[in-house]
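First up is the structure itself, then whatever we jot down about it.
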């Protein structure tokens, strides 16, 4: 009666450590149809005491403070990288070389050069599957948007308007790792913009061909250095610390304009200074047959405008994406309109990763390193465009 | 090139005097297709100085402080009664007896007995048309709701949920005429409830057969008597006056439950104490084929749920009811989504009254005294139900 | 380092079995401050094979098909009753007599007589705590509404408008247990109305003193009898079955009007025929200082109107109730606006039950049998009012 | 008792001819406090028959098909230019040279060179006041946003996100004048973008210093040439015509990124291809003390986020901007929440123009040629940036 399992080694036990652990814990309970379920084998971190406690609470069988060793464990089949961006490259390549499947947090890497190395490693590691945690693809409303767009309900796309707006980074927030280029690679751009670039590509199936203009800004140039090693920023409440100041080396906000292969034009905005929006992550897409609109702060609804409907009743339809049988992932959860939250996107992703690893198709496509590399190209082009103050064709970077 | 005109005599120059004058002034400019346009012939009121000023500003040709005489003027064809409710009966009957068409403000009368006399007078005055200013029927979204329901888009109705919520009547508001039963007949019930009872009947085409239970409440039992003759309540800003207290003799809120001829069940709520809602006037109707939702505070949109649509894209569609050619009245106004306001419902009503008087059909049906009498039956039944604490079948009153 | 545990025996493994199991599974991971955590000791059900599978997936240590025996197990400290309503009384009394703490699904019982017996058993079982799963109290927005109201932000309450609207029960749905009075006690009224009666009482702290009028309706009087034992209705997708028809013995919709001890007036509506609303569960409360509005379909937001604010900026404020440190339960979950879903209300309830069992205060008050009995009084009064077509004072039932 | 009047000559009797005529007709009725009211003296157009009819309907005393002569009439004090953009320069300069006050439709001119000439003429004509019809400033919600921002409620601005989205220009729309650069100067950019650039400047009081990047796109490059002289595009329903194709010479959409003097960054988007939005004209502004959000499709509400409020109740407050005494223009209109529409912004503008002409301050600042020239600078910089594919500092153009 028990289902086959696959052993997962998760590196990182902070914000993403929790979201991933929760996903591994719950997936088998809600996805009875899976042919493979994850086993929580090893959790990796630096602070042994914290790690033990985390493992006990969440049910990880083993702990390790040596990620290389943990990765090398022959029992481990899947390596899940939930660390800050500066560790993605090294860990992913090591895991791939060890013959493991890899699920890596987003953005793929700190910059394009690193991403390229990771992509090459993935291409070489033929038996290994790669996944990237662009979890918002698996918010049911976003998955439905993808399905509608692919079914032709949007038609030829004219406009993509993508944004990821937060407001937690006022001047009193100290210099946590998210403000350090060495650890993060970038600020709002890679942290937030990466998600909506991915979402735009995922829903439309279209690709960016040029960043036509960009602005990058750091509103708060210096911040207080936290007294101790610091915490996880948005996830760990980041208290202000009295003391010496340090320089912020990433963007607080990045906006760019772009052209798509199809002829559509796009705008993308990411910021940590959008007072009033704590996690407004969404997009609007307008085509000649219809339009869609999504905002994560109201994540259970997709807004769809059917421009082919009788004009008398045309309008924005607010679809509650919770109907089992008709809406992606809905049958696995609660009754209609017994709504889902943030964490469910991760659980849905684990379910789809398990499907792929057991030879089944995912509900909607999962991003692998090939796919995530394309998002990284756009990130890089936008960064270059902002710095060099000129349009940057994607082809220039490939 | 000029169109035929009909002479209107308007009684009242306060809140409703303004809304009606504005309608007569504008209708010919926006409804070029009308075969008959109103001429602003006589304005009637009690304060001669104010009246002269009003006539001059608005373009009324004559003024009169003697309504009987004004009604008797052979040049006048239409008598428009925009006074408080205690004058409706006397004026309407006099006008009908003088062979005039009558447009009467709502509710038809202070109570059912008066309404019955008016109805009888209307039946006798064979050549005279009667109209009642249930203006919200002519908000384009409400007219569209009527059209959709009549086209079968709602199907068999299960539920009607109607409400009219305001919040202006806190304890500091003085004892204006709206709190006096002698002048108004009732409080929130006749002032607000009448509108949504009419709207429910208009949209569904269904009739109330029983008020099954009711609550009527006066939260503030005594109010200060205004120093002078008083003003128009909601429309005239009603400042508090220091002085002796007087008794409130009307309801601040009335709620009732009812059964419809079709088997549907209904709830109706009217109140002046719904803190936060200044003019929330709307309803929700659920049927086996669809549902509609309207709220005047967002008056340019109708929400429609098509339960016969593909389940994957079912949801509440927010229809911006401004599309010329497809939506009622839209072609007469501004381009799409150049939205309308409160006053347009009155102008649309004048246009439809002119259509009827010139032998053309209105865009959507106008309420006459027969029709408004049915709304008065429901008002009366609800009042009785609240007082006698028992269900009151409508048939008992007919 | 491990925290003290308490052994839970859960009866029922369908819809509520899943929500409760999920809550027990997750609570220790997200509430590190708890002094006591649940241990998933025994799961009870009738179908042994299904039960074994459920236990394995969810991590229940033992299974039992004999609820009396399971309750009697000296290792069990808490008995959780997640069965249909017809079993609540017998199970709860047995558990209390066995000296167990009891957490019972809502409504407390099928009717007032049963509820009274349960209340008496609870009063006798002095060392035993009782809880009722009015889980919506622990939706953070509802908990915040309670806090705001208790802090005087609403002031004197004028109006309560509560509703629970679903639309799953069209004519094609077969005769599942939810349509049987013998199993459920009532239909929409007890299933849905109970929640919003509880919510209204919880937020305002006020009590119902009279049901002034009520309507109860069964729109679909006969339904097809399912071929087999049937499923769980809303939770189990209820496919239509060809065959003989059976009589529906519960209400499809119940509406009632009521008066509160404070002088406020209330309306309560519950229905399974509100086309377009799959789980619209909410209320609006208007007071002299402010107003609140909540709708579960947008569960992460509370709408608050501060009538004491500067008039220029008064309006409905949409509070995203996700800010750690400021909003109830928020610090235990994800970063700001990384929104929660339906299931979190159950996890929050388990956390608060654990707090109470370990001598700590809950975040907001938990309903015990005393409290839930008061909700049962209102349910009964409304049922009587609908049947006897008269106002029913609560005092008549006590 | 009559108020002093000033004679107005209006050039144009199509879409803007109607909005302006309606404003002149109504202003004295709703603004009794004005010391000066307009007299509808002369209407100017090309088609004499249409013109006569228009004059008769609206009450213009005279008609003229010779705009130069009409302008020269010594009785005329105010010249109102409601023509397509290609006539603004010539007419405005002539009127100023004739010593008239000028109210010119927006954008000021087809391009910066023309605008500069107009500005110089205005500077020379010392006794003449100039006004530009950026009417959305006088939507009460926008005026309130201005007041809040100027009162420091937004604080230091980080982000401005402005957009004007329409969807009427699909491939079937023929080649009307709005698609011709010779008549319009530009497409969506000048028609729509001009409004929101003005709005952003007006609310913040900040100025653009650089257009950092821009995209301009013409999705439909050729359109059918209408059989006759053509109509007014969005206002006149533009039917498709079979026949030869002509080239579209303006943008269908223009997007740009910009930097403000204060250090804020801005994005501006204008398009006629935003399927689903018929007239979505709005902006969002985020500062360190608060944020505001406005969308014309819901024009009676301003959304305000007070980041200085108690965190527990922080959120987006939806202010219904209709409260007499507290909200701009509200006291002149209907009771609270008896909402306004599109046309009221024009009436409010006439009221403020009359105030200025009679030596009184306007409710909120009116744009004159100096002010509108600054908006024209931004339009030009964005056009250059899109064409030359580089950042364009505003200083380069001054």
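We call the chains A, B, C and D, going by the order they appear; numbering starts again at 1 in every chain.
We take it that a contact is a pair of C-beta atoms (placed from the backbone, for glycine too) under 8 Å apart; a residue touches a chain by one contact, two chains touch by 3 or more.
What you are looking at is a predicted structure, and each value in this text was computed from that prediction instead of being measured.
Undergrad: I want to compare two interfaces, A-C and C-D. Which one has more contacting C-beta pairs?
TA: Answer by contact count: A-C.
Undergrad: Which chain lies the greatest distance away from chain D when centres are computed from Cα atoms alone?
TA: The chain lying farthest from chain D is C.
Undergrad: Hey, how far is the Cα centre of chain A from the one of chain D, in Å?
TA: 41
Undergrad: Calculate how many whole Å lie between the centre of chain C and the centre of chain D, each centre taken as the average of the chain's C-alpha atoms.
TA: Roughly 54 Å separates the two chain centres.
Undergrad: If you average the CA atoms of chain A and of chain C, how far apart do the two points sit, in angstrom?
TA: Their C-alpha centroids are separated by 35 Å.
Undergrad: Please set out, as single numbers or ranges, the residues of chain D touching at least two other chains.
TA: 277, 316, 320, 323, 325
Undergrad: Where on chain B is chain A touching in the complex?
TA: 144, 147-148, 153, 301, 304, 306, 311-320, 323, 325-327
Undergrad: Can you name the residues of chain A that touch chain C in the complex?
TA: 1-2, 15, 18-19, 21-22, 25-26, 28-29, 32, 52-53, 56-58, 168, 234-235, 237, 277-280, 296-300, 320, 322-325, 334-344
Undergrad: Under the definition above, what is the set of chain B residues touching chain C in their complex?
TA: Contact set of chain B toward chain C: 158-159, 161, 167, 170-171, 212-215, 217, 219, 253, 255-259, 263, 265, 267, 269, 271, 273-277, 284, 286-291, 293, 305, 307, 316, 385, 389-391.
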